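Here's the structure, in structure tokens; my notes come after.
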Amino acid sequence: MLVLDAEFFRRWMSAAAAAVDREAGRLTELDSAIGDADHGSNLQRGFAAVAAVLDKEQPAAPGAVLALAGRQLISTVGGASGPLYGTLLRRTGKALGDEAEVTPERLAEALRAGRRRGGAAGRGEGRGQDDAGRADPGGRRARRVAVVRRGADGGGRGGARDRTLQARKGRASYLGERSIGHQDPGATSSALLIGALADTADSTEGAA
Amino acid sequence: MLINVAETVVADALRGMAAAHPQLTVDVENRVVVRRDAPVADKVGLVSGGGSGHEPLHGGFVGPGMLSAACPGEVFTSPVPDQMVRAAAGVDSGQGVLFVVKNYTGDVLNFDMAAELAEDEGVRVAKVVVDDDVAVTDSLFTAGRRGTGATLFVEKIAAAAAEEGAPLDRVAAVARQVNESSRSFGVALSAVTTPAKGSPTFDLPPGELELGIGIHGEPGRERRPMMTSGEIADFVVDAVLEDLRPTRPVLVLVNGMGATPLLELYGFNAEVQRVLSGRGVAVARTLVGNYVTSLDMAGCSVTLCQVDEELLRLWDAPVETAALRWGR
Amino acid sequence: MLINVAETVVADALRGMAAAHPQLTVDVENRVVVRRDAPVADKVGLVSGGGSGHEPLHGGFVGPGMLSAACPGEVFTSPVPDQMVRAAAGVDSGQGVLFVVKNYTGDVLNFDMAAELAEDEGVRVAKVVVDDDVAVTDSLFTAGRRGTGATLFVEKIAAAAAEEGAPLDRVAAVARQVNESSRSFGVALSAVTTPAKGSPTFDLPPGELELGIGIHGEPGRERRPMMTSGEIADFVVDAVLEDLRPTRPVLVLVNGMGATPLLELYGFNAEVQRVLSGRGVAVARTLVGNYVTSLDMAGCSVTLCQVDEELLRLWDAPVETAALRWGR
Amino acid sequence: MLVLDAEFFRRWMSAAAAAVDREAGRLTELDSAIGDADHGSNLQRGFAAVAAVLDKEQPAAPGAVLALAGRQLISTVGGASGPLYGTLLRRTGKALGDEAEVTPERLAEALRAGRRRGGAAGRGEGRGQDDAGRADPGGRRARRVAVVRRGADGGGRGGARDRTLQARKGRASYLGERSIGHQDPGATSSALLIGALADTADSTEGAA
């Protein structure tokens, strides 16, 4: 059985940083069609900082890794994706507590908890930020945690399905019907992060 | 672009601001611009911020009679909570701090987190979310209207109340009143190019214009063949009036998006005034210039704010910032 | 372009200016912008003007502490003598009037004719020709250096002397001293599009820049592949210093050509300050913004003016115009 | 022998207005290569005003026609070309006095006088505006007055020769060596005005 330790989560985050770095141009391009052309550089800046701080502080427990990564995203990304991804990781980390190793089931549960508590998105004076909606990276990620367990590849294609939908959240919502046919940048980056998780799991299983 | 590399654009600008404005304390590393004499005893502080690329908003509005501090984020990206917490702590005299937040998911989320953290540090925080852009239909299913030009009115007028010694809840109430009394609509004649992307965020052929744009290079709701200044004024002012239906005199902001020559903006203002007087709307004051911009975007927006005598008095009160100055 | 038709651009802008600035008397038909309280008793008047398209220059500099009147010509075309004669007559308190003229053939010719005519009408006129642009080599065989950014320094400082009651010859002498103490150099990142022509006046592919441009879309002396903000600052500041060789502190104007975002200008200012301090030049004051523009041109210019205590005091004196305001 | 009356000069000015109107785009284009892209619209505005004022005031003598036309150019054109063309016409008109008819020789003489007195161009603080130089429309026009007498066509090709020269006057001088190879807009408009004079003379002779 696959058991996940702090090292696993550090590898996940560093795979995520690599994936985001590689795909930054595409994420920004997607965001430029229906947003403000910064999603790629936002995450690139954030995950570079995450990789650096994990390298420096080397937290010893899975929960501590995710909580630190989340805090770092919050402090360096800004925008919508900073608090959303940051809060998700931070709360997932908190839910994992200080155990030295966790099972994939525990991680899935913690991600769901992190997502439920991601209600910070909802404090915008009742104007519709109050649930993590269609495009919510956290939501997608939580739903796709199954991917990790199955070791399947969730990366790359994520978000393509969104093209038929009309954006209701984030800047893309301002486009109204013109958002239909566009791929959501946040959904795409979620797929990248999940893909990084899956790859990390794969290579761990392979090594085991 | 007149830059070194995309990564240092905001830090470079802050260093340049510091050199130009000795009356500001610019913390380049932590990205906070504070009026030199903060905290002002017994005065409510006003902190705003948002993505960079909208200059002079917000740093250019820091000073006596307007903001206590501003937190610039990356270009078109809301700042991070650390910045607002630091700014709030720096300007709080014990009377509390008002956060002026433009209604974008990122701005709202980050300021909310900051409010929580600042309150943990013992700073009383109130918040007003500015959402004046009628181009975006308000609805439960969307993020709501965007915050654009009204931010200037909210910051100036609420700050004047603070300057007079109004307590936090009153300053917040004034800010909300100004926001509720304000509506905007914007038009782009060209797209915007961000340093990170290096090419225009959308494709707008010369000879066409985009109606209902935001200030982040978000494409608008509708594209049309080029219209004259007069036709644009008809369209834009009517869009605002339809939503605002003012019964009192209005403040008018004829705002350039960054690359529209002042010559054209003044000409456009003449048309805006024509439409307003044709619709029987009295104009109390008019401000023309590039105030809430979108980097190198050509275009303009109109913001109207209907005012009673109290708001007008606060608008006229002295202000002494890099970008807005009058009175005394 | 945000215009109605090319033919009415200037008149439209003047109507819009009138609506925005009740403290100005704007004669749209005769194209003269005058401070409302003119003629000010016992004060020398200052009249400037030139082609439109450089806003806020000159209309935005009319008011207490700066110009008494401005005469806007057609876009990039010097005004006609009738305008200056009317302006001079309107602002003369009996102490005479200083014409501030940028050194272009058309401006010089038209102001000269106006001076003759105004003197026929009994107005004493002195004249200063501003020629600060080091990109154009001064020579007997050419029209001489162009007048660009230093105009702002000349108008502000000479007007402060007038405000203090200096007589005409003294005001003119101060103006000449400021001009002789000032040098500029400009760079374009894009060409300019005039309303009459409707397409860029020269072809500047993205990724290239033009060094030594003027403010009328005249192409520069040299084209180069794009440089960083820091490299441009090195080049521009050195070009100015080579000619000026200041021994005293300088006023710095980091001027945008119209379409350069303030964010970039501030960043550029940081680089300008770096170069100056590296060359051992002390900076007394810095002004950053779009002040002497060229419609929708992207780019910037740097003007340095070396000052003694007297000039610095006059620079700091209060000014209250649409575009420049400080002091009391 | 050809004798020129007020009507002749009004027809010249109206032919000039038509020619400038027709060629305004080309003049502006030439000015955009080495100047500030307004020479065509400058003259268009000026000559339209000249045609209008002559139509309204119908001055009775040749000198009065040219003096009024010159004053009108000065009051409506601005720029370099306004005072240069305006002063030339005004002074030529003054030199013609109030005679009701003049000979071509008298006109040629008056144009030369007008040009000599065109020294207003030289008051720019000794910085080089002090003579009517290479590109001076007045100078060209005076030299080409012979064209009228010969009834030859001076229009159209004027200025082409300038291409090999470096500009030393006006905005084109800022270009330095880069001005070589460009046709001067003022020389081109001079040729147009001379062409209009020649055409007017031709049609007058034909009618005579």
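Annotations for the structure displayed:
We just call them A, B, C and D in the order they show up, numbering each chain from 1.
The rule we apply is simple: a contact is a pair of C-beta atoms (placed from the backbone, for glycine too) under 8 Å apart; a residue touches a chain by one contact, two chains touch by 3 or more.
Because the structure is predicted, anything quoted here is derived from the model rather than measured.
Chains that touch both chain B and chain D are the following: C.
Each chain's centre was taken as the mean of its CA atoms, and the one lying most distant from chain B is D. In this assembly, the C-alpha centroid of chain A lies 31 Å from the C-alpha centroid of chain B. Chain geometry summary: the mean Cα position of chain A and that of chain D are 73 Å apart. Separating the centre of chain A from that of chain C, both taken as means of CA atoms, is a distance of 53 Å. For chain D, residues touching at least two other chains: there are none. Shown for chain B are the residues in touch with two or more other chains, namely 75.
Under the stated contact rule, the graph of chain-to-chain touches is a line, running from one end chain to the other without closing.
Under the contact rule stated at the top, the pairs of chains that touch are A-B, B-C, C-D.
Chain C contributes residues 1-5, 8-10, 12-17, 19-20, 52-53, 55-56, 60, 75, 189, 228-230, 232, 254, 258-271, 273, 283, 286-288, 290, 293, 295-296, 298-300, 325-326, 328 to its touches with chain B in the complex. Listing the residues of chain A that touch chain B in their complex gives 28-29, 32-38, 40-42, 45, 74-84, 87, 120-121, 123-125, 127-129, 168-171, 173-176, 178. Residue ranges on chain C touching chain D, taken from their complex, read 6, 51, 73-82, 103-106, 108-110, 112-113, 129, 131, 135-146, 194, 196-197, 201-202, 214, 216-219, 221.
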